Structure formats: C-alpha cells, structure tokens
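Below you'll find a set of structures to go through.
One chain, chain A, links the two complexes that follow: it is found with chain B in the first and with chain C in the second.
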Partner chain A sequence: MIRFDSVSFRYRGDAPLALDGVCLALEAGELVAVVGANGSGKSTLARLCDGLLEPTSGSVTVDGLDSVDPASLWKVRSMVGMVFQDPDDQIVGTVVEEDCAFGPENLGLPSDEIRVRVDSSLRAVGLDGLERREPHLLSEGQKQRLAVAGALAMRPRYLVFDEPTAMLDPVGRRAVLEITERLAHAEGHGVLVVSHDIGGVARADRVIGLAGGRVVFDGAPEGLMDDASMLLRVGLSLPPAARLAAALRARGLDVPAPAADAESVVASLWR
Partner chain B sequence: MMRITGIGQYVPADSPVHRLDAAAKIGVVAVFTVALFLVHGFAGLAVLAATVAGATAVSRVPVRAVARGLKAVALIMVLTIVANALRWQPADALVRLGPLAVDGTGLRTGVFFAVRIMLLVTGTSLLTLTTSPVQLAGGIERVLAPLKAVRVPVGDLAMTLTIALRFIPTTAEEAEGIMTAQQARGASFDAGGPIARARAYAPVLVPLFFQLFRRADALATAMEARCYRGSGGRTRLVEDRMRTADWVALLATGTLLVVVGVLL
Partner chain C sequence: MALILADIACVYAAGTSLESAALHGVSLTLSRGDLVLVLGPTGAGKTTLLRAAAGLLSVSQGSVEVDGLPASGRGSTRGAVGLVFQRPESQFFSLSVEDDCAFGPRNLGRAPGEALQDAREALAAVGLDPSTFGPREPWSLSGGEARRAALAGVLAMRPRYLLLDEPTAGLDAAGRQSVCAAVEEARTRAGVLVVTHDAESFLGSADRVLVLRGGRPAFDGDVSALLHALPTLAAADDVDPPEVPRTLMLARERGLLPPGPLTLDVESAADLLAGALPGGERR
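Our next item is the complex of A and B:
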C-alpha cells in the first residue's frame, strides 16, 4: 500500500503549499484516478509517491517503507514505477530494448535476467518485434507504451502515471488506458493515474479530486460524475453523452453512472 | 535543415569487421595509428595501405562511404604535396615554372605525407563506419575503464554520450518545428548574406536551448525514478567482451606495427 499521512509540500520556503495535508492510500490491485485543475498539485502528488520529492511535513510510505529514508529510497523507487506525460522526456536508450533494459541495468541484475524482463515487458505493452527500433521512429503512442514497458521491467508493485495520455491521439490514448486497467485488475498492480481524460476517470475504481493542493473528493467515479459543482471544482467537464446521462439520472432514470460515451447511454435506455 | 554530413557515419551490415568488439576495434585503430607514425618508407606504407584496403573489402562498407571522408581532407592532401614539392630554384628540379620548380625529393616527401593522411582518415573512419554509436560508447567506456582508478567518471561520461546520441534526432525534430513556426510568422532562413542568415537563427536557438534544458531536467527526474544513481553497480543487457577473433585482430595489428616500424 502507498500511504500518504497528512502530507504537505512546498517547493521553496516562501512558496505556497503545493499539497496541503493530503491523506490517501493506494492498494495493490486498485486503479485510482487523480483529477484536478492545472496547478492543483497532481504532479507534485505523483512525484511524492516514489521519493522524487520529499514531504515538507507528513510522511509517504510504500508497503511500510519510508519514501525518503536513504536506507529504503532505492527499494521504494524499484517498487513504484513512474510514467510521465512526454515520452521523449523519459526514453534514454538508443533502441527500444536498450531503453526497456535501463531500469533493470540500474538494479544490477544479471544479463539473462534483464533479457527475460525486457522481453516480457515489451510483450505486455505490445511492442515485441520492435526491439531494435530507434525510439524516434516510433509513434507517440508506441513511445508512451515503451515508457510503460521501461517501468514494468523493474517489476514494480505500484505504477504512477502522470497524464500519460496528454500527448496521444484517441487510439494511443485508449491503448494506454487499457494497459493501466489491465495492470491493476488482471495483474494486481496498484495503479495511480493522473488524468484529464474522462474515459480514464470512468474506468477507475476510485477517484481522488484535488483543488488547491487539498483532497476535495475521494470516492467512486459515479459520485463525481453526478456532482456538477465538484466536477467544476476539479476542472473536469463531462462529454455531452455523460452530461445527458447525469441529467437523466438526476430525474430518476436508471442510467449506469460511468457512462462516458454515447453507446453506453443508448444501451442503457434501450432496454 | 539539420543535414548530417555522413562522414564516417555507421553503415549497418553483417561483416566480420562489424562483428568485432568495439573495444578491440578501438585498440586496433590506436595501434594502426602508431604504426602509421613509425613507418618511414614507401614499402611500409604500401603494407599499411594494403591492410586498410583489405579491411574495407572485408567490412562490406561501400567504397563511396570511405571516400566521403577523403573528400574532406583532399585539400589538405593537395596542399601537403604542393608545399613539399615546390622549391625556390632547387638543385635537382623535375619541372621548372620560372624560378619555382618541382623538386624530386620534395615530391616524394609530399606524397608520403599525403598518403599517410589518407590512410589515417580511411583507417579511423572504418571504425565509426562499422561500429554503432552505442557500441562505440560502450567500447570507449571499457577502453578507458582503468581511469576509474584515478576517479575519472568513465561510466557517467559514456552514459552522457549515449544520451546525447539518443537525443540528436529528437533535437533535430524540435529545431525543425521551431523553424516552421518562425517561418509561419514570416521569418526567412535563406535570405541575405551569411551574417543576416546567422542572425535569423538566433530566434531558433534560444527556444531550442530553453527546450533542451527543460528536457534535461525532466530526463534526470525520469532516470532517477528508474533507479539510476551513477554508473557504479550497473549491469548491461548485452555484456560486450573480447572474444578470440578480437584478440587475433589486435595481435595481428600489433605484429603489423612491429613489421612496419622496425623491419621496413
């Protein structure tokens, strides 16, 4: 479990709090979405998960290990995989397999073990067959999947995605979101996805809403989608179909809540 | 745009030269260069030239690619010959052009030096032509490994080199994007003299550098998140090492050095 215990954080001594008294927990096998307007502290929260930032007060623990204790810091980083927004900011290898191997190489694993992990991670994101491809010849979606494979190759228990779909087209977006869902529900990772993507929110088991560095919502996606003022507060706007579904639900029609697309609204009305 | 000149640029192929270990090839080139400086007669030079020609043939690198490197030094070669051959009223002139004359011994010296430059360029470019940049970086790391004893961060330098190689295409794309954006606002990159043209690039370089620094910062964070903490304790997916063929190549070049430097 990744646990935040009243975590506050400021970037500089005189800066306002970027996070203010955040308490939350992420269990293995759980898919949690984090939403919030720009500057609400989402990236700060993500970076605190594996000790890239040190809490100003409070503590972050990963399976009981303190995220900033020098004795456990590197263990924590190998347990929490990170995927950032721009894939070009995180690919260090000159060919696909070499990049995927970067994490395991840093862990000092033997070559044959690295090979096994690289092959299985690339297969998990559907990049097998492209081992020798240069990263700049990949599509943005493929690059982002490579970043996911690079994180997976460390065999982490938790994965934290910071707006992983922001640079992708709809096809690439769906592929990455499907991977996040599979990693949580089929493979038992604890997955935290920072996302503006309503589709990503609807898939989540739980949504955490941030505003001004505070947790203002922590609950099921249905609860958020039905609360127009809360949606506004966390900077989300529903797609037309979901807005229609929410309005119908408000008037007592039985439309299932995480209905982010027209198809599922129609399906539920047509019974 | 960002045109890469192609001198000594890696030509992928499956040849015995390509398969040699990068560290061994660096050693071979180093020994060959020493031999080139020790050689003092045309006989020795001929042996070395035959070696380069043989290695080029075995490497299956197109002669054109090797010749491209020569074009860059052609002027230096010509100047070397001319500077050595032309004398002011020499005793034994081959051809006289007024008071200037082409001197026999001078001409021999000039040609000797020119061929030496030619072999130096073709020999060393064969290294980069047959070794991928990443393997080369790995090879340099292993060759320089002894310097770790005196605290030179060889591994970190090799990592830096690899990342620089990784980001050349990305940076080129970025520069292209910025230039297109500037052109859309009426900037022109090929009008005016060289100074006007250089000045037109300033609005490209400033945002490009800004981008590079931002990216370097983000990349450092991402590398830390993937447990990079300096090169110590790192292992590799592909552990390159010297095999029999590599030792044979190194030994053969060493023998060549002795033959050329001492006997010929």
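Our next item is the complex of A and C:
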C-alpha cells in the first residue's frame, strides 16, 4: 500500500504549507480519486507518491519502503507509475512501440521481455495495431493512453494520474476513465486519480477531498455527491444530474439522493 | 461590422507528402455582443479555425475579414482581434499582474500610463480588483485567477473580437464560473468566439453554435436548433451532451418519456419527466 503518515510539504522555507498533516492509504486493486480546488495541494500529493518530492515532515511509504530513503528510492519509483496532464510532456519515442519501450529499455531488460511488456501494455490501453504509428499522428486521447502504456510497461503496482482528462475531448476522456477503472478493478493496480472530473469521481471506490492542503473528506463518492457544501469546498460543483434529481424529488418522484450522472437518475426512474 | 469567415479552407504542409486539410468550407460571422461557440472532437479543426480568424494562418480558400479589412497581411487591422491561447497563464513573464496586462497595449504603441490604465480596467472587467491583484506576482494566483488575468491581458488591448481557446480547461468549478462571468463581461465590449469541449458551461448563454467534424461544419445554428440536433450529434461523438438534455435523451431511449424537444433547464426537464411518469406532478 502507498501510505501517507502525517505528511506536510512546503515548496520554500518561507512558503505556506502546500500539504498539511495528510494521512491516507491506497491499496492494490483500489481506485481512489483525489479532488480539491486549484491550489489545494492535489498535484503536490501526486508528486509525493513516488518520491518526486520529499515530505517536509511525516513520511510516505510504498509497501513499507520509505519514498525518500536513497536505498529504496529507485525501488519505490519502479513500483509507482506516474501519468501527467499533458501527454506530450512524457512522450519521447518516434513511433508508438518505441515510446512504450523506453522505460523497460532503461531497465536493461532483454529484448524479448521488452517485446512482451510493450505488447501487453499497448493491448491494455487499446493501442494494439498502432505500434508503428508516429505519436504526433495520434489523437490527444490516444496520446494519453500511450502515456499510460509507457507507465504500465514498467509493471508498476501503483499508478498515479494527475488530471489525466483535463486536455481531452469527451471520447478521449471516457476512454481514459474506463482504463483507470479497469486497471484497478480487473488488473489489481492501486490507482490514484487527481481530477476535477466529476465523472471520474463517481467511478472511484473512495474519494479524498483536499482544501488548503488538508484532507477534509475521505469516503465513498455517494457521500460527497450528497453534500453540496463539501462539493463546493473541494472545488466541485453539484453535478447537474444531482440538481435534476432534487427537482424530481420536489415533484414527488422517488429519486435517491446521490445522483452523479444521467444514468443513475434514469435508472432510479426506471425502477 | 463583423469578423467574417467566408467559406474558408486551411491546409497544413501544402504541397508536401504530409499535406493535410484541417478545415474545409467553413463560414462564420461574429458580431459585437455575440457569443459563438465552436464545438467538436479533438482534431476537428477548432484551433485551426481560431488561428485563421486571428489572421495567424493564411487560408487556402475563401476569406477572413475584420470590419471589412483582411485579417492578415498588408492593410490588416492590428489589435482588432484578441486571441487567448489554451493555458494562457503559462505565458506570464512580468513580475506584476498589471505590468503583464499592460504589455499588449504598450506594444500597440500606447503610452505607458494609458497602457497601465487599460490593464487596470481590464482586470476589473474580469473580476480581479486592480488594487489587490495588480501588484501581485502572476505566479501567486490561483488557477481561476491566473486564467482571468491572462484574459485581462488580451482585453486590455481593447479588441473588438475576442477569440478564446478552451478557456475553462483544467479549472475547478469556482474557476469555471469566474471565467464564464468574465466572458459575459467581455461580451459587452466585443464579439466573443469560444472553442471548447465544455458545452455545459457556455451553452446556456450562446447565440450561435458551430460544430466541426473532420474540418467541416457538422452543425451551424442557434442553441434551440442544436438541442434539436443533439441526439444525432451525440451519436456521432461530435458533442458531449450536457447532463440535463442527456438525462432526457436516456429517458427517451428507455421509453420513459415520449419523443419531444430537449432543454438545458433543470426545472423544465423535471417538469417533462414528472408529467410523463406515474406519481410525478408538474410544478
């Protein structure tokens, strides 16, 4: 598990705390969404997961290994894959399969092992068949999936996504959200998704809400959807579907409170 | 007086093996006070259209005119069209917000004092109090504040037409709301063209919507016509329907609601559903 134990972080000696006493745990097979307004510390939290940033106080451990101990840092980084907002920032290869092979090649693995990893990673994100395609000819959604495949090829136990859908169109967004869900629930990775995307929040097993660097919500998405003031505090607005559900209740229809999307509203009317 | 794109086509890398047509047969008129939305999937040509409208890209067919003058080349009207790129806050370079915002008007040849006045007025217009935010370092702003400050930098040039590329991308709910309010204010001074995936934020107040698919217009009309065409556009993945009409579409697919018009309004949608379902009462 990735475990934060009273983690605080500041970027400079005189800067305010970006994270303040954060405790959390991410288990393998679990999909956790991290939400919070701009500037609440979400991306800082993501970068602490694999030792890209070092806690000012407290500790981050990955399967018991300290993320900043030089003796275990590289092991930690190999266990935690990171996918950032803009896939162009992390694509380096001239064709898709070469890009995906970059990480395992750097591990010095034999070429047949690299082949196996590249093929299975590209298959996992639905890019099989596009192995020889040049990355700049991919759509933004395909590029983001390639970034995911590149992380997967390192066989990480945990995956951390920082705003993976912010730059995608609806089709790309749905594809990436489906992949995050499958990686956690079908493939057993521990997946942490930092996002403003209410659709991604609704799919999560658990939501962690940040405000001013502190954890102000940790629970099931339904609990968050129910709580308009908490939604606002963590930078989300009450989903239109939830407003519609409330308007239907006011008209005597039995629509249960946590309604994140159109599907759940219609499903409750269908009963 | 308008920004007029007449039957334009844009081709990248013309005459090479990489030649690709990004736009074909697209027309659009933007008048002062208008809010025109351009929707469509990634790669549909939305950003190319913005660049052509700003005169940054020469068109291979058709014409782009700003108040009767060509948008690019000799005799074009400098400063009439303001373009705000995606993630414009990455372009801050001054040590204070007001100095950053004054850069554009200074470059248009305005005196430093006048440029600063323009910058402060533009900051106020996007809801950032110039006495508080003017002296701040741009990097100390929150996401929504930074996006609005970048927008102010373009408004300070007093453009008659304002072009915005994905102005709400990556912002939280409060940031999106503040940007929408800034767009409404900008509309009192200029015609505004917004390219976005975020139909939810802007559809309620748009005058006209253009949907692009593969560089060609897939839809062109007002919001009520768009709502009429929404099921078809959604089925082709051209537009992600906002949640309220999407709920009505799903309810119709399942036979819960008879065929009829769609709406963006929560209360009218609730009335439609309540009227059609047993146990529901209209308000």
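To be clear about the criterion, the second predicted complex is superposed on the first by the 256 of 271 C-alpha atoms of A that agree within 3 Å, B and C clash if a C-alpha of one lies under 4 Å from a C-alpha of the other, contacts with A are read in each partner's own complex, and residues count from 1 in each chain.
Heads up, the rule we're going with is that contacts are C-beta pairs under 8 Å (C-beta built on N, C-alpha and C of every residue); 3 or more make two chains touch, one makes a residue touch a chain.
It should be emphasised that the depicted structure is a prediction, and the values quoted were computed from it without experimental measurement.
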Which superposed partner A:P55 touches (first chain B, second chain C, both, neither): neither
Partner chain(s) touched by A:W74 [first = chain B, second = chain C, both, neither]: first
Partner chain(s) touched by A:L236 [first = chain B, second = chain C, both, neither]: second
A:G209 touches, of chain B and chain C: first, second, both or neither? neither
Touched partner set for A:P221, first chain B, second chain C, both or neither: neither
First (chain B), second (chain C), both or neither touched by A:G41: neither
Chain C-facing residues of chain A, complex: 36-39, 85, 139-141, 163, 166-172, 196, 231-232, 235-237, 239-241, 243-244, 247-248, 250-254, 261-263, 265-266, 269-270
Residue numbers on chain C that touch chain A, as the complex places them: 41-43, 86, 142-144, 169-177, 197, 200, 237, 239-240, 242-244, 246-247, 249-251, 254, 256, 266-267, 269-271, 273-274, 277, 279-283
Contacting residues of chain B [partner chain A, same complex]: 133-134, 162-163, 165-166, 169-170, 173, 215, 218-219, 221-229, 233-239
Touching residues (chain side chain A, partner chain B) in the complex: 47, 50, 52, 74, 77-78, 81-82, 84, 86, 88-95, 97-98, 101-111, 114-115, 118, 134-136, 150-151, 154
